[in-house]
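Heads up, the next two complexes both have chain A, just with different partners, chain B and then chain C.
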Partner chain A sequence: MSNSNNEWPLWEVFVQTKSGMPHKHCGSVHAPDKEMALQNARDTYTRRNEGTNIWVVPAAAITASSPEDIGPFFDPSNDKAYRHPTFYTIPEGVKYI
Partner chain B sequence: MNKQEALIDYCLRLGDNSLVLGHRLSEWCGHGPILEEDLALANIALDLLGQTRNLFTYAAAVEGKGRTEDDLAYTRNNYEFRNALLTEQANGDFAVTIARQLFYTSYAWLLFTELQKSKDETIAGIAAKALKETSYHLRHCNEWTIRLGDGTEESHRRMQDAVDSLWMYTDDIFAQTEGDALLIKEGIAADAATLKPKWDAMIKETLTKATLKMPEGGFMMKGSREGKHTEHLTYILGELQFLQRTYPGMEW
Partner chain C sequence: MEDTVKQEDHFNEKLEKGDFIEPKDWMPEKYRKTLIRQISQHAHSEVVGMLPEGNWITRAPNLRRKAILLAKVQDEGGHGLYLYSAAETLGISREELLDQLHTGKAKYSSIFNYPTVTWADIGAIGWLVDGAAIMNQVMLQRTSFGPYSRAMIRICKEESFHQRQGYEIMVALSKGSAEQKQMAQDALNRWWWPTLMMFGPPDAISSNSADSIKWKIKRETNDELRQKFVDRTIAQVEYLGLTVPDPKLKWNEARGHYDFGEIDWAEFNSVVKGNGPCNRERLKARVGAHKNGEWVRDAATAYAKKQAAKAAGSLVA
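Our next item is the complex of A and B:
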């Protein structure tokens, strides 16, 4: 555990709960390759009937914004209430919005 | 042996396989090489336990003497168990566990594929459910066999040692009884003799992919069909049964 050189690469796991729904990030697993990553993700995150599909993505392939970017990235949208779709009425019976 | 006795024996035998192997796999719980694999082995153990419950419940119903699945698991003696010798072998290192999984699971997959078509509806139903689980178990051990065999020098050596050391127990998996002949004629049981060549081909394919040598011939140990076991089973049952043996009927 302590020697990081001996550890398998990290994979981020995204699980789709129902067909048509978006895949949601639910955690990560270690695995030597993509097939084993899928199996490990299946065993770790879909044991209680949570999934219909799994994506695994090498954690190294993800580019994330840095904490210092929080101001320039996200503050400008704070005062633009007109971008929220709150002015529309949603028909009854529409799900997942 | 009449048809009823043959059917009870058949269900118990298949249930004993999954009970004993499931218990072996549960011994890995908390000791797996990595967290993810720890969970994978425990998942498989639970699937096997579920298969046992279905088979024991059916055996008890066919018997009709009021025994339950628990009675069958906790109060039979070692010579009454009919699990294949392979399933009781010790976990060893991870390669031994994977080799044991490969040999058993390939057989179970072929068996349940056949039993889905059984003329006994309960057997067919149990087999159909078990086959889905077994298909995943097979994928798990096939992938591991390939990675360990075609991995590092050490993992290759350990995997080959594991395959060689368990090979002597593989014929015993396919041993049949006179009761089987009766059930096969009725279209209830699968003929293990027809599964063996398919099993050989499956194992050969995986071992070849894994750059491992398939053992040939050599001494083959048998006896599980007559209740003759290796030394391991008694220890497994000692652990599995001690509570019900010490406090009969205890519930919690």
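Our next item is the complex of A and C:
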């Protein structure tokens, strides 16, 4: 990534659309500090009342799993069907379970 | 070598399944390059697109129209930012992107190199230019690159008011005095052909089309989108009691589509090459805006540094 030193750092923006909802990633902004990152995020991603709360996170602080490892990384959960309710047989006639 | 083949197979399988490609996924270099070019051109178009309309903000006929136009132009700025942010996920910096625009290395939609000489042009732009852009953008909501697709979904939600406010202006003018109606007709005459050119060169000679379709960056060709636009727009023209400046326009019963006249591709190419009526003016305004903002960026950077130093100081103490 070519990033010369006078470019403002990149912040990833997460917006909560309604109270009680999770924050969802919606893009990024450049800003010199966290206050301006919040203001830029507000002006860029919530011009129509789309948000009740915003998180801004320095992009450099995010660690992501790597797409090449998708198999081995997630396979510990592949063979554990018993973690799902449909794995179990409940006798016919038994209710509310 | 074998690894690359395997990766490419995996990439193609994903496209086949209709999966999205995300920034950290392996992708062919040409796919990456094509996307950087397309997304950045798109971003630049949103940004330069603010200029012709910005020309009328101070002269809008009333406060309602002024507030609407201001909000629309602001949206376009936002669209540019969503798209720059999507392009950056492919490994190009914002500075490089802006540099490419300001040095004239990158292109933007040539439609914005035409002047806005009357208020009716603001109506025609919203109705036709945003209308054509929407047709393209609706398709791009299903583009194969995740960040581009997500930016498009967000943009499409905001676009429909742009087209409606433009058509509303055209309705008002075409129901107004004879002079106002003439003004609307004149704007339609000037914007009609450049709008049809927005969809790009015909499929037969479009150099980027085949790859874009193969990689599912685009799902419909230039000619398909252009035809769809004409088919949907003519009834709107008729409602206004206006006519498009094309004597060859005619409903073709057998095809189930409108036939229309030959587009002047020589004009298109000349505008793309920089010889449109406003190319120089647009670039100058854009570069000027960036330069005039420099002291603001510098001040914000200096303030952030000072605050960071203060915070570090108080931690030490």
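Assume the second predicted complex is superposed on the first by the 71 of 97 C-alpha atoms of A that agree within 3 Å, B and C clash if a C-alpha of one lies under 4 Å from a C-alpha of the other, contacts with A are read in each partner's own complex, and residues count from 1 in each chain.
Just so we're on the same page, a residue touches a chain if its C-beta (ideal position, glycine included) is under 8 Å from a C-beta of that chain, and two chains touch if they have at least 3 such contacts.
These numbers come from a predicted model, not from an experiment.
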{"item": "Touched partner set for A:Val57, first chain B, second chain C, both or neither", "value": "neither"}
{"item": "Superposed model, chain A: greater residue contact from chain B or chain C", "value": "C"}
{"item": "Touching partner for A:Arg47 - first (chain B), second (chain C), both, neither", "value": "both"}
{"item": "Touched partner set for A:Ser28, first chain B, second chain C, both or neither", "value": "second"}
{"item": "Contacts of A:Ser66 with chain B and chain C, given as first, second, both or neither", "value": "second"}
{"item": "Contacts of A:Gln39 with chain B and chain C, given as first, second, both or neither", "value": "first"}
{"item": "Residues on chain A lying within both footprints (that of chain B and that of chain C)", "value": "8, 29-33, 36, 43-44, 47"}
{"item": "Chain A contact footprint on chain B (complex, rising order)", "value": "34-37, 39-40, 43, 136, 139-140, 143, 147"}
{"item": "Residues of chain A touching chain B in the complex", "value": "8, 29-33, 35-36, 39-40, 42-44, 47"}
{"item": "Interfacial residue positions of chain C with respect to chain A in the complex", "value": "22, 24-26, 71, 74-75, 78, 81-82, 85-86, 88, 91-96, 147, 150-151, 154, 158, 297, 300-301, 303-305, 307-308"}
{"item": "For the chain A and chain C complex, residues of the former touching the latter", "value": "1-4, 6-8, 10, 26-33, 36, 43-44, 47-48, 64, 66-68"}
